[in-house]
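Okay, got some structures for you below.
Two complexes follow with subunit A in common, the first pairing it with subunit B and the second with subunit C.
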Partner chain A sequence: MSGQRNGQVGRRITQAVTYSILPTVVAIVAALVATSIVVWATGAPIGGFVDTMLSVPSHRDTIIIVNQASMIALSAFAAAICFRMGLFNIGVEGQYIVGACAGAFFAGAGIVPGPLNILATLVVAMFAGVVWAMIAAILNVTRGVSEVISAIMLNYVALTLAGYLVKNYGERSGYTFTTPKIAPSSQPLGFGLFADAPDIWALAILAVIVGIGYAFLLGWTRFGFDLRTTGESRTAALANGIDPRRMVLVVMAISGAIAGLVWMPSFFGSTHTFGIPEYFQRGLGFTGLAVALLGRNTSLGIGFGSLLFAFLATQSNRLQSVGVARDVVEITQGVVVLMVVIAFEIARRIKVRREQERVARELEPATTGAPA
Partner chain B sequence: MHVELRGIEKRFPGVVANHDVDLTIRPGAVHALIGENGAGKSTLMKILYGVQAPDGGTIVVDGAERRFASPTDAIDTGIGMVFQHFMLADNLTVLENVVLGAEKLHGIGESARSRVREICEAYGFELDPDALVATLGVAARQRVEILKVLYRGASLIILDEPTAVLVPHEVEALFANLRDLVASGRSVLFISHKLDEVLDIADDITVMRRGTTVGTADPRSATKHELAELMVGAELPSPDLSEDTVTDVPILALRGVALASDGGRRLLDDVDLTVHRGEIVGIAGVEGNGQTELVEVIMGMRRATSGTITLAEEDITRLATRKVRERGVGFIPEDRHRHGVVLDFPLWENRILGHQTKRPVTRGPLLNPGGAREDAERIVAEYDVRTPSVHTSARALSGGNQQKFIVGREMSGDPVLLVASHPTRGVDVGAQAAIWDHIRRARHDGLGVLLISADLDELIGLSDRLEVILRGRITAHFDPDDVSAQDLGAAMTGGAA
Partner chain C sequence: MTILASAPSAIRQYRHLTLVLALAAIVTVSLVRVFTDQSRMTTPGTLRLALIAACPILLAGLGGLWAERAGIVNIGLEGQMLLGTWGAAFFAYHFGAWVGVLGALLMGALGGLLHAVATITFGVDHIISGVAINIAGLGAVGYLAQTFFTDLDGGGPRNLSGYAVPTEVTIPGISDGARWVSEQRWFLISDVAAAVAGVTTRLSLLTILAVALVAVTAWVLWRTPFGLRLRSCGENPQAAETLGVNVYRYKYIAVLISGAFAGLGGAYLAMVASSSFTTGQTNGRGYIGLASMIFGNWNPTGVLASSLMFGYADGVSLLSDNGPLVHALLLLLSLILLGYAALKYVGGERVTGLVVALIAVALLVWYLAVDSVPSDFTGMTPYVLTLFVLAVASQRLRMPAASGKSYRRGQAG
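Moving on, here comes the complex of A and B:
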């Protein structure tokens, strides 16, 4: 019995290597090759590009990578939970803008004192994200409007709304407007890693917490099972006591709540105020969609993917000094996602075929003995 | 066209689908290929049409040996096929559907249109080339499919259970078309398991059983009884009930249940139905007469427009599917791929499906993978599911093994009522007998069963009572002990008994 268990575990490890790690490595290598070809074709120094990209980041850059990765990961989890159910929440961008704006106003007002303000702010930001996500979700469930279309529109509305609110209810700061700065008592300390570099933002830990919660929810709970079933087959969900419409509402709400948190690490870690464009980082919602795809909607994959994306983006800052346009790294990022999708689809087909062959092989004696 | 199949063999994971298959199709004849569900007819057709490559044997067309790598090869040779599930684009016209993919033949303009008209007139198809396919009925769509095949120049036309979707007078019209086709020198391979129709239309008959051809028959001299014997073989277990276990305790009762479609059409109309403990009630009917809706209403997937449904004296008319299942209703859905399993989940996760709120597969809001695995292993052992392990995905199993797993799952946790739609459809003979056994045993223990099936022998053999459903109404009752398939068939189609 235990021998059989061990065999089972051994095969699972082999499967993980064959069907998860191998395709990822292939995809990253292919992406770097593709980018190198572009660099070479534009006549830029290819050696400089490769050396820069593959160099060990400085302490300071390492911190930036981790900080950026935390926000990308949060955004990716918001996207991934929808992907797992066959929903495309392209509205993470708008939801996190609304979350950031609402959270910043609330925190700056200082209604709740000291460290408690941080927790209260997170709740407010999540709630704002939920409200924004629910607009698309309710339109989808009651009127049959595609969540993709309404969410794209809502992204623009969110941006305009946030700008309007800050301009009319914020403070003048130089030539722009921002929300009131949060009190120093509500600014958490970060995690010091290096003496010669700033700290890792305290709320980067949110990405780890959400990542663990995400894996637990999907793999170990009844709700997660219902969610995955709905994603695999809506008809099977319906026939087996899962209400797909209710699932759309709940999952979009969870996604919106996670999206509301996306910018919070940066807000509490460094900016302490919100104002577009100086005191805000846009585009994380779209990066998150790509990373969710890259990470195959799994916690580990998203953790890895967000670090990779943050690494590529940070390293690319130094490309200018060797005469390569830093935008070239977007090609790497794009090709990685594309290649991962392709490589995993190929791996999946191989896996299905091998499994069928294995079933055939192991059952061969049974069928020749007594024809079915 | 003269087609000969010699010693065809095809193996699938866990099943030998075809072996030692011999078949000769003469020009200008309707050749019927008959056999039970799972006898290997569909596999053979797919081999002949180039969808699947045989593992052994030869195909000889007009004296030359052929290998078809794809349906394109088969079409080029003059073999065309009409599948059971039509493959038409709803939002295109008849003409557009016909020329789609065959633009090289006559272009897409006037010459194509006149060719389509020609074929329609030659065989009395009565199709308007410019009609939108979305506006056509089932029978007309089938004619479009045949038209497509003829347009591509087929001299052998394979029809996979063409009458399954048709009502009686449409069947007559189809047969008239087929007679015209063979009169023009073409051949038709007609796949069916309906013996009356086969005797009516066929010039030659070949019978398949358990993946092989077991004999041929001459339709002029053969009787239904002889054909049935050939089809099922002597050793086939019959679904007879040996003992009387029916009680007078109602477990499921429908009173005046009606269901209207969004357009106001009556899908179910004033349905009264009672299933007692220890009783199997069979619902007979031509597919599409409200069976699907009846099941969906009982299972809470759709809500009845009026009437009441009670389960063990509790009103469940407005309960959601999960609540209905929690009260002990097992459900074998008619479409196992769409409703019964999640193909990419392993078997142990499929054990949880539909039972998400019950032990041992969950504990409160959490899954219990250990419990689910153990219980999945129990089902695999008790129901003879042929699989390497419970970690194998449902997709890798043959249809029969998937079905056995579903039956095992739905019998878990001592259900009080089993709603079974076509429980043995597409299942091999051995598995069929096993499933019948399990249903009988559960009946003995007091289970009430609502059985929906298209297989009249299964219905008559397994049921304690038969109800006929026609256009959403229960129109007749029969005692399976003294009903003939003819009487039942007449009631199902609304003809005189």
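Moving on, here comes the complex of A and C:
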């Protein structure tokens, strides 16, 4: 009995390795190889490229990687919760711009004193993200507008709107405009890891909290089950008394709330003010989308993927010194997303074929033995 | 029989209506121009700028149309366009203007090929593949520019200038005559003359090519057996397969053409809209192209009309000191919406009509309350307009039935 059970556990582990971990590894390696081919084909120093990318990061760079990964992970969770329901929230980009802008204005105004300001700002940023996400969600539910198209439009509107607000209601700082700086009493201390490097941003912890919350919500709650059911089949969900339209609204709201948090670690950790382009980091929404795909929408996968993407981006800063343009890692990032999806599709096809073969093999004696 | 007999008359009636609406639009524009005394609304210069801004959007939109008619959603247009800007600059710098155009077509098609392999052969979700191509395309263009342009004369790690561009032509008699008429500020006549002058003065050959491609697309897709088969892959690939159409091949061709069109749009940006290359030059025009395709209801002429409108908004945002002009456009938009609301209300869609009327009145109040609109809002116009149109008219738009769906050979059973 126990032997059989051990065999089953063994097969499960083998299956997990073959059909989940192996495709991911293959995809990452394939993306790195593809990038190396690009570097080699354009006559850039391939040796310097490989050495730099695979070198151990300095203490300072390690901190940067963790900080960046926290923001990427938050953005990825915002995208992933929608993916699980079959929604494409390309609008994370716009939602976190709006969240960052609203949060920065609120924090800078200093309405709430001291550390409490941090908490209040997070709520404001989340709320702004929800409002922005709701535009796309309501258009989707009431008018049948594709959330992808409306999100693309809303991303640009968000960017222009934030620029307009900062220019007209912010402060002049040199050649640009920014929101008022937050008071020192509202600036949290970070986590010190190395003596010779800056601290990890305090709010990087948000990524961990959201990650645990995400895993719990999807895996252990009724709501998470409803969400995944709706993602698998909207008609099946409807037949089980789940209102898919309500689900779209709720999930987009959660996604928008998480998106509102994306830039907060950097805001409270180092910039303390908001202004496009100097005091803001654009593009995290799209990076998050890629990481959600890479991490197969699971908490662990996203954690790993965000560290990988942050690692690639940070290492690339030193590529310039060996004569390779740092933009090359964006090729890696784009290709890895394609590769991971393709690898999983191939793994799925192989699995299906093997299972069909296995079933055919098991049925074989029965069919030949049966009377004609 | 009755259906067959009534169809042509319905079409004729429809065309009649379109003509009346177009005429009404021109009259409204002219009225607003005279009333607000914003002559810059329809000068040859403004309209020429609008046309130049419209062409890249048009080419991207047509590219999107080709792919979607064969059932593939191409969000990667932005990345393919970016590749086109680099291809145009690189090949034009070394081999001349038209080789540059060809290079842009090839680079765009390369991006299209990537999308085709991922979506058609491997069944990857179309949006995922498109997003990946946009990320990779941006990186590739930045990388290629720095690698190949840094040491060139007139080049830098992020830009290149000093390459040949396609010739510009001016039609001698008409250009000057129309310009003179447009300067007289006559009601209606001057506005039409300004449009004529705008398209006959320093017209790039690439512009002519872009507009010609609208006709070519319409003819190939709707008047040839090849086009019929291609569109059948976008409507019902299983049915097409049972009729012996090689669906994979048609989809591949369509996505390659789609990428090439987007690449051509990139060439237009790097050669006509500006005579130099910079990284990230597309600035979201691939996405607006996609919007113009939806706005144009997946029809070539619709794409042309909507990209001209987006191009106008884009062109106006480039004019200096455009606050009062945008202010005047607010009145125009409000009037057009009022007209649309009236049509809807009479047509029986009371609620939609009332909502649109409400928005029109809000715009009118805004117009009356201020003297000038911040220029930031002009840049927003195409996006807000698209959202608005989608919200109001999404039920009337019809995309190809199988667009965005995965297809595997042998599904037809």
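Going forward, the second predicted complex is superposed on the first by the 336 of 372 C-alpha atoms of A that agree within 3 Å, B and C clash if a C-alpha of one lies under 4 Å from a C-alpha of the other, contacts with A are read in each partner's own complex, and residues count from 1 in each chain.
In this section, a residue touches a chain if its C-beta (ideal position, glycine included) is under 8 Å from a C-beta of that chain, and two chains touch if they have at least 3 such contacts.
These figures come from a predicted structure and were not determined experimentally.
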| item | value |
| --- | --- |
| First, second, both or neither for A:225, with subunit B first and subunit C second | first |
| Touched partner set for A:346, first subunit B, second subunit C, both or neither | second |
| Subunit A residues touched by each partner, larger count belonging to subunit B or subunit C | C |
| First, second, both or neither for A:236, with subunit B first and subunit C second | first |
| Partner chain(s) touched by A:289 [first = subunit B, second = subunit C, both, neither] | second |
| Partner chain in contact with A:90 - subunit B first, subunit C second, else both or neither | second |
| Touched partner set for A:330, first subunit B, second subunit C, both or neither | second |
| First, second, both or neither for A:359, with subunit B first and subunit C second | first |
| Subunit A-facing residues of subunit B, complex | 11-16, 210-211, 299-301, 320-325, 331, 333, 335, 338-345, 349, 352-354, 356-357, 362, 365-367, 369, 386-389, 391-393, 395-397, 400, 428, 430-431 |
| List of subunit A residues in touch with subunit C within their complex | 38, 42-44, 88, 90, 135, 139, 143-145, 148-150, 152-154, 156-157, 160-161, 163-164, 167-168, 286, 289-290, 293, 325, 327-335, 337-338, 341-342, 345-346 |
| Contact footprint of subunit A on subunit C as seen in their complex | 75, 114, 118, 122-125, 127-129, 131-148, 157, 284, 287, 290-291, 294, 374, 376-377, 379-380, 383-384, 386-387, 390-391, 394-395 |
| Residue ranges of subunit A in contact with subunit B within the complex | 8, 219-226, 228-229, 232-233, 235-236, 238-243, 352, 355-360, 362-363, 366-368, 370-372 |
